[in-house]
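Heads up: the structure comes next, in structure tokens.
Chain nomenclature is as follows: A, B, C and D, assigned in order of appearance, with residue numbering initiated at 1 for each chain independently.
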Amino acid sequence: MQFNRDDLIKAYRGMRTIRDFEERVHEEFSAGKIPGFVHLYAGEEASAVGICWHLDNRDKIASTHRGHGHCIAKGVDVKGMMKEIYGRRDGLCGGKGGSMHIADLSKGMMGANGIVGGGPPLICGAAMTAKYKKTGGVAVAFVGDGGSNQGTTLESYNLANVWKLPVIFVVEDNGYAEATSAKWSVAGSQLDRAKGFGMPGVEVDGHDFFAVHDAAQEAIDRARNGDGPSLMHVRLNRFFGHFEGDAMTYRGEGEIQRVRDEQDSLKIFRTRVTEMALLDHEQLDAVDTEVAHLIDEAVSESESAPPPTEADLQTDVYVAY
Amino acid sequence: MAKKSYRQAINEAIAQEMRRDENVLVWGEDNVGGAGGDGEQDAWGGVLGVTKGLYPEFGSERVLDTPISESAFIGAAVGAAATGLRPVAELMFVDFMGVCFDQIFNQAAKFRYMFGGNAVTPIVVRTMYGGGFRAASQHSQCLYPMFTHVPGLKVVVPSSPYEAKGLMIQAIRDDDPVMFFEHKVMYDDEEEVPDDPYTIPFGEANLTREGDDVTIVAFGRMVGFANQAADTLDKEGISCTVLDPRTTSPFDTETILECVEETGRLVIVDEANPRCSMASDVSGLVAQEAFKALKAPIRMVTPPHTPVPFAPELEDAYLPNADKIVAAVRTAMA
Amino acid sequence: MQFNRDDLIKAYRGMRTIRDFEERVHEEFSAGKIPGFVHLYAGEEASAVGICWHLDNRDKIASTHRGHGHCIAKGVDVKGMMKEIYGRRDGLCGGKGGSMHIADLSKGMMGANGIVGGGPPLICGAAMTAKYKKTGGVAVAFVGDGGSNQGTTLESYNLANVWKLPVIFVVEDNGYAEATSAKWSVAGSQLDRAKGFGMPGVEVDGHDFFAVHDAAQEAIDRARNGDGPSLMHVRLNRFFGHFEGDAMTYRGEGEIQRVRDEQDSLKIFRTRVTEMALLDHEQLDAVDTEVAHLIDEAVSESESAPPPTEADLQTDVYVAY
Amino acid sequence: MAKKSYRQAINEAIAQEMRRDENVLVWGEDNVGGAGGDGEQDAWGGVLGVTKGLYPEFGSERVLDTPISESAFIGAAVGAAATGLRPVAELMFVDFMGVCFDQIFNQAAKFRYMFGGNAVTPIVVRTMYGGGFRAASQHSQCLYPMFTHVPGLKVVVPSSPYEAKGLMIQAIRDDDPVMFFEHKVMYDDEEEVPDDPYTIPFGEANLTREGDDVTIVAFGRMVGFANQAADTLDKEGISCTVLDPRTTSPFDTETILECVEETGRLVIVDEANPRCSMASDVSGLVAQEAFKALKAPIRMVTPPHTPVPFAPELEDAYLPNADKIVAAVRTAMA
């Protein structure tokens, strides 16, 4: 499809917001300001933004431990997220969840997930709700290459097909599960697996917003039209370690630099739209500035926000008990 | 009021709630039975027939079979609950929790807390438990202590048809995730059960009998045995209070403590394995909160720390029964 | 391959033993003499016998809830099995396991299993032992069509391939999981799934001993030669209900009769070997008589065997505690 | 004797056993770290480095990475154990039990019983547990009460580097399936640990301190807090016995009962959630077996019945600590 100028700006802004958010979390974590386990999405932006482009609040996504990008792409409030990562009382989850459990059900974001393979079963349920209530909604499960080996994920492929659910399974293959290479850990192939469970699959370059966008369009249309689930195998790279603190010695010599130089979805996007004279650098720079400001604010507000108090400890366990 | 079986009572509760609320859906392995085949549909209605009749009445959109993949379909129930449905999903035997526990204890149970109160996950997981069926080690366990351990879950252990109906309706209307334990040996037990829908609140123990000498706290199928034991003991001049907590989470600590304050003696009957069980849980509660009222050591009647054996002779020796309860009460009185 | 006469007798005897065992258990169960859940293998004999033909005590198998046939084919003592099913003290498992838990590790039979999908992970471990100890052994996991949808099974496909284990996954597809049709519950196909996980797969007529035998030979040779796992999709039928007591109304009109008439592996075998003049009916009848006698003995010994006593209840939980 | 960390102690125990017995193999997610990649092999040695160095020494036949598929690779360890190996498999965080519990509690734990004594399944499952890492609800749980509930399993909860080494060697030599709980916050704790291999038997509690007034039973990381609390209380003239049971299954009931007989007062410190926990288990034991010796209600120090929260302020409020133990002991003395 042909994007208009506002669309292009919106796409770029989405990716830039994720990138800046993650780079900043990286910095603040290194400075000791953020506790816990934090997994950054930097490098994978085109996937979340290209896919969530087609989704609205009827549509649900289930994310992974590496969830910030999916949240932002699905429209979750960036300041609320940052506050949550800082463990603040007015964070999105009241400081109870942290990076690995950010959720905003009102936006159709059903949660990051600390359990690899936790999301696909849940998304089958969200898809069942959409199908039964005839909302027209679809449901997207993101998993990593590592998560694609988990039984919960594979079972969900079958269930979604047997029940003909409006699901899109997105395997975000960044080549590694922690330190383990996907080349080694994934026998067969993602597309052959899709076929094995009777659904269409497509492989796509996850650094290319346009490619992701188009492939997602087809998969999501299929689901919306009642034609059942399909699988996207998105190849991409992560710029940072598995989690903050990972020295990444398992990656090949120069690999990260090469990736950053050649497979940076933001650079690729910028080059493409400027070469095609759809946008000029100033317009993109303006987005950069705007986003940098937003992230600055998010961080400074998070730093000064109050933490939860002991009175909050035992609330929110049950609706009623 | 008609006599109904435990099976019928549960079936009726689900059917009535499905009529009342179109968001109640039912699924599990062979909950219809025969899906997609050439023969009868609704051939099974669940492996022991509890959901039979729902499919003909509510149709294929609301009553579904599933492939054998408990993580996927129990998880789907969790995801559906978090997005607006009220699924009643069946984990055929609770012994199968090991292939899907994550979706229950890390997802359903924790959503509300992890998400800062911004999630409601009204799922009911129906599941069969318990011994006496000669079903051996992997089809006879109780396991409700494990679910009771988990914050965020509610755990229901109905002891009779009447209880089962009221508690099931409450479970379906409840906004928290509920584990509903059905004792497989009780499905044919009958008693009078009202035709109209009614609820029994969670966390309110049922005093099935009042006495002066000993409090017996019993769970699920053990409540019947406790009442039998109390009959026998009555003839010996020992008068028992029998308490059915109905739910192990939430748990009616107040009533238990009151009864123990009155009787000063406590016997707990739990069909689950003894370690980190409800037997120990109740002991711990009382040893901390009603210690001064206790006139004698607490007695626990449980199976031994072994898997459930197959041979009838062994399984009978393994399970608690009325005689063992009588013996424990006598010891408590000695 | 060409079988000699003794081989043919042996194959027939194996299948006949299973058939008679199961028919008799069916009778005794109906007469109320056997407690518990019992799942009969009658109708599927050619699969167990054709596959286990190639196995010796170095080789391990993991079975399912429908395990009697696998046990017999793997050489487990028939009387010990019958006594176990009766819950007797000198049954194979001392009466503690029953039909669903018969095992004989000394014969490489790692147990029937009450958990659908319980076996495949275990068999990966048995294969690892064989590989590490260089015993030359292979490991065979039997699952049903229903069990082929369980995450534990699917994960095992991947692990066996990643670790290049000498495993054969045998999907015994009798068309049903309890009352659920495999046509409905299995999205995609077994062979496409095998490919999805990077392993060869073969479909075989499970009523034909010779077909099963030959396909198994190839798969097992591959595993023994260190070329990794593969999958056999064996199509067959069960003659009885899912478990004893099942009225089978979910099966199509006349289906059972058709199956018994046209797809009886024993009849097919008998016709084949007699038409080819490899054996005559008398020789086969003699096997029938011999087997009938064995099963009679097994039942009468089981009936009079003593049950376990209360003193047995708490033994065998730990090696030492 | 050199100071070693909890991490080093465990690593050394495994390495020494691997040298002694070629049937000991190690596997888990990134237990090598980097398998099949272009960079460094042994890059991780487990997510917190506990198995680092084993791969270079023992090679790819004995130290293996696994795909993320806990059922398959924990199950493979069970199957390998039943056929002659002694695998030490890692379930990275015990919180992940929900995707593989079946292979542990229905397979490994029950083989011996179901098969009438004809199976030996010497598997060790190493797993991280516990709070304090700001790792939130799905990476901070204890869960050992659930495993303790299961007949057929042994459950080890080492409280220090010295304990960890001796108990790990015992675990590997033990012929039964063992769950080995490593507290993630303790990996850098150091103490003197002998270089030579040694074993600490299961089911023998360690008296880390003897006193007259109160018995404190504490598990894993809580033992350190209990000893700190005892120091504080000592200054107030309250003298405590501190007991580290080391293993929750088997369980040294004898020593606990003896100590309670002597002190007459009991405080139990359990980092696990309170319901059907070791806190209640020990209470139940004592309320049944040493009731007459008790001079005061039993006190339990546990977190509340909530998931583990993320924010440091909340997690600190959630976890037991020395102050809370001190307060509980004072109440027991009052």
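To be clear about the criterion, a residue touches a chain if its C-beta (ideal position, glycine included) is under 8 Å from a C-beta of that chain, and two chains touch if they have at least 3 such contacts.
Bear in mind that the values here come from a model prediction, so they are computed numbers and not experimental data.
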item: Chain whose Cα centroid lies at the greatest distance from that of subunit C; value: A
item: Averaged-CA centre spacing for the pair subunit C and subunit B, given as whole angstrom; value: 35
item: For subunit C paired with subunit D, centre-to-centre distance based on mean C-alpha positions, whole Å; value: 39
item: Euclidean distance of C-alpha centroids - subunit B vs subunit D, Å; value: 30
item: Touching two or more other chains - residue numbers and ranges from subunit A; value: 93, 95-97, 101, 113-115, 149-152, 155, 158, 162, 184-186, 317
item: For subunit D, residues that touch 2 or more chains besides their own; value: 67, 69, 71-72, 95-96, 98-99, 102-103, 106, 113-114, 136-138, 151-152, 304-307, 309-310
item: Pairwise touch network: line, ring, star, complete, or other; value: complete
item: Subunit D partner contacts - residues on subunit C that touch it in the complex; value: 60, 62, 91-97, 101, 103-106, 110-111, 113-115, 118, 120-126, 128-130, 132-133, 139, 151-152, 155-156, 158-159, 162-163, 315-321
item: Subunit A to subunit C touching residues, read off their complex; value: 149-152, 154-155, 157-158, 161-162, 184-189, 192-199
item: Residues of subunit B that touch subunit D when the two form their complex; value: 71, 95-106, 109-110, 113-114, 136-138, 145-146, 148-152, 248-249, 251, 272-273, 275-289, 291-292, 294, 296-300, 304-307, 309
item: Of all residues in subunit B, those that touch subunit C in their complex; value: 29-30, 33-41, 43-44, 47, 65, 67-69, 71-72, 95-96, 98-99, 133-139, 304-307, 309-314, 317-318
item: Subunit A to subunit D touching residues, read off their complex; value: 35-37, 87-89, 93, 95-98, 100-101, 113-117, 146-147, 149-152, 176-181, 183-186, 247-253, 255, 307-310, 312-314, 317
